[in-house]
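Given below, in the form of structure tokens, are the structures.
Look for chain A in each of the two complexes below; its partner is chain B in the first and chain C in the second.
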Partner chain A sequence: MNVLEKLQNIDKRVFYLLMALAIAIPTVSPIGLAVDVTPAVQRTFDFVSTLPEGGRAVIGFDYEPGDEIDLNPQAKAILHQLGAKKIKVVAIASFPAGAMFAEQCLAILEEYGYEYGKDYVNLGHYAGGEATLAAFANQPTAIYSKDWRGNDTASLPIMKEVKSMKDFSMAMTLNDGPTGGTGTHEWVRQAVMAHNVPLIMGVTGVLAASNETYVQSGQCKGILAGLRAAAEYEKLVDKLGDGTVGMDAQSMAHLLIVAFVILGNAAMFLSQKAKPASKGGAA
Partner chain B sequence: MFLRKTVPTIIASISGVVVVVAYFFQITPIGTLADHILKWRSVIAVFALGLGGVNIIRLHTKNIQRDPKNFYSAALLLTFAITIVVGLTMGQTSAPYTFIFDYINVPTGSAIFSLLAFYIGTAAYRAFRAKNAEAAILLITGCIVMLGRVPIGAKILPFTAPATDWIMSVLNVGGQRGVMIAGAIGFIAVSLRIIVGLERRAYGGE
Partner chain C sequence: MNISSSVGVWVGAIAALGIYSVLVKDNPFYRLVEHIFVGASAGIAIVTGIQTFKSQAWSPLTGGQWLLIIPILLGVLLYARYVPQYSYLNRLPLSLMMGAGAGVAMRGAVESQIVGQLTATMIKLDTLDAWIIFLGTLLSLSYFFLTYKLEGGAGWAPKLGRYFMMAAFGAAFGNTVMGRVSAAIGRFQFIFLDWLGM
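The block that comes next holds the complex of A and B.
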């Protein structure tokens, strides 16, 4: 096997080692690459900025631990903006883990003087996907008699103000897909189409492609895609966090993959070029 | 036959018609009935979660009976039992339950998902070969989007960021719309078949 053939078939363990280094080194020792804000993230930020001060937002924490790295930083960044605007927050979750993530992220609101039960609440997990979301949209307390902390929801001041989905100024879903939980399509149907509540989405990078259609149709007011969007949002709210830290590692990982793809193709072309010449030489 | 097929078909038909009518029209009695049906749906979903738990216990107990050295099934059952006991006795906001979530559930979930970076990377290296025009287009598009999605891409090749936006908002959306509309039409057709009782495979039949 000559050098060109070897370059087309590099041992995957070499790639794994390089990938591990490409992720670990920038994480331990950040490069500090500047993140430019893209129009999609700016549009989302601008939309949230237009919400009335003291309004209400419902946020669906529809993700599991595998996607926490993308979606927790998005949640935290947007909660900083909502906190600064004194927008009351109701959190729900279509995955049990989502309720735990909500509990972690909502703690940010206490920096802004929020009081649990009055200014924000974590209602916890609901089973049943879209049907339960539809029932929640019609009458939230009918689905949640108790919140995640075990309080009677009917006794919480924030829930006395919420009779249906229409009482929210904004809905948001932090979503890693419909498998086992409530997907973005379901949120469009139940929040936007049924109750005309403006929706924004925070999704993993791979889900951006399928949800971009809702942004263009106007059914979604803004979309945050992956860790990159979290980093951009952190820049906009001036609260650098996990998104910004993760960008260096993600940059190096993408660069490594592209470098390997180019290397493999260059070796393939050069070996194809070399083959006719060697045949000609033999003849 | 009557209880296994006919009754579920009648329930599905009535529920389907009521919920669809309530979605499109403001008729108070039908809206109230639809609310009840949706609440029942969430109650049934909770039972399904319970059945899932029972199924996990049965499956892994059988695994251990077949092979007593099956460490993975034993570990699963043990952690399953500990999590349930801690959750039920101490509550889901208690420190031990949060500890299990923060230091076992989240790191293991993230670790499994992070393996994708390695697998997808090697898969891209082996599969993205410009052997013909179509493969070359896919390869170039993939590389542009990969670079355009991270800050370093815009630093090395500034055109990748706007090119990625264009690919995602024009080429991608065109294709996605077609897929979504076709999927929605198929979904409507299947739903209608269930509502009128033509689709019986949903109840376990042929």
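The block that comes next holds the complex of A and C.
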């Protein structure tokens, strides 16, 4: 087996080992690579900056533990911005674990003097996907009689101010797809189309391309895609966190993947070129 | 190093290592963790279902909202499929769910996913981006023009459309890779930072 053939038949465990090293080393010893802000993230930040101080935002924590690494840092970064603008936050979740993530992330708001029940609330999980989101949009307290902590929602000052989706200055979904929860398309339909509430999305990298169309069409005011967007947003709000920590590892892993794709393809082309031309004709 | 003393963190880290061990070779440790994961997921689903039933149906019902007995009974009928002679009864709640689901979705689907997207392609062609969106849409649609095959002089349109779609698939695949790498980063951060305290 010559070098070109070896390059096309590398044991996949070698690749896994290199990938593990590419992620592990920068995680333990960060390199500190620069993070530039892309226009999509800047646009989202700029939109949130235009919201009126003291307004209200509803955030859907529509993700499961597998996508926590992408979406928790996004949530935390944007909550820093909302907290600085004193925007009240209502959190809902279409996955059971989403309510737990909401609880973790919303704790950030207490740094800004927020009071639970008055300035922010975690309403917890709802079942039923889009139909329940539609009902929530019409009358939030009809879906949530109790919040995540067991309080009567009707007694919470923040919920007395919210009669329908129209009472929010902004809606946001942190979303890892519609399977089992409420997807981004459903949020566009129920928040934007039905109630004309501006929507921004925080999605996993996998969902970025399919949802970019909503930004181009103006139906969505901004989109954050993956851990990279979280790192950029952390830079914009000047609160470095998990997104920034993960960027070195992501860059190294991507470099490794690109190197293997180039090597594999180059080896394939060169080995095809090296093969003697077929004399043709079936026996 | 400041190794975690939390039992939950230790269980999570050992389970993560168990799952990753399959990358070397299928082994009993991996299968044990996989089965625990499946079992725990099923358990969580059952508990969530019971909690949802209590909060959305039982508590309001016993609190005086008697009309909720109708959706509760319809929900019970979903299980009629397990009794062959009454299985037809489960069609009633299924039909209602499908009808309501379609109705709710239709409310904004036409505007958000057809009209809105079409409008977004009707733009002033004064930038390269605008031209790419305009041509990409037209040529990609031409690929799916199946009434008769575009050949000869018009054959370039579906061919270019295929290239546009391949570029889009490449972008989507690149984002997918980024997402999968992120997932690995999350686990590595958990193992090295939260568990081992490095």
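Basically, the second predicted complex is superposed on the first by the 276 of 283 C-alpha atoms of A that agree within 3 Å, B and C clash if a C-alpha of one lies under 4 Å from a C-alpha of the other, contacts with A are read in each partner's own complex, and residues count from 1 in each chain.
Methods note: a contact is a pair of C-beta atoms (placed from the backbone, for glycine too) under 8 Å apart; a residue touches a chain by one contact, two chains touch by 3 or more.
Note that the structure is predicted; figures quoted are calculated from it, not measured.
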Room on chain A for both chain B and chain C (clash or fit): clash
Chain B versus chain C as contact partner of A:Ile23, first or second or both or neither: both
Chain B versus chain C as contact partner of A:Val245, first or second or both or neither: second
First (chain B), second (chain C), both or neither touched by A:Asp167: neither
Chain B versus chain C as contact partner of A:Lys146, first or second or both or neither: second
Touched partner set for A:Arg228, first chain B, second chain C, both or neither: both
Chain B versus chain C as contact partner of A:Val192, first or second or both or neither: second
Touching partner for A:Ala131 - first (chain B), second (chain C), both, neither: both
Where chain A meets both chain C and chain B, residue numbers: 16, 19, 23, 66-69, 127, 131, 134, 143, 194, 205, 208-210, 213, 216, 226, 228, 250, 253-254, 257
Complex contacts: residues of chain C adjacent to chain A: 23-24, 44, 48-49, 52, 55-56, 59-60, 100-101, 104-105, 107-109, 111-113, 116-117, 119-120, 133, 168, 171-172, 175-179, 181-186, 188-189, 192-193, 198
Chain A - residues contacting chain B, complex: 10, 12, 15-16, 19, 23, 33-36, 38-40, 64-69, 97, 99-100, 103, 124, 126-129, 131-132, 134-135, 138-139, 142-143, 148-150, 194, 205, 208-210, 212-213, 216, 226, 228, 231, 247, 250-258, 260-265, 268-269
Chain C-facing residues of chain A, complex: 13, 16, 19-20, 23-24, 27-28, 66-70, 96, 125, 127, 130-131, 134, 143, 145-146, 185-186, 188-190, 192-194, 204-210, 213-214, 216-219, 225-228, 242, 245-246, 249-250, 253-254, 257
Complex interface listing, chain B residues touching chain A: 19, 23, 31, 35, 38-39, 41-42, 44-46, 48-49, 91-93, 98, 101, 105-110, 112-114, 117-118, 120-122, 124-126, 128-131, 139, 142-143, 146-147, 149-156, 161, 165, 168-169, 172-173, 176-177, 179-180
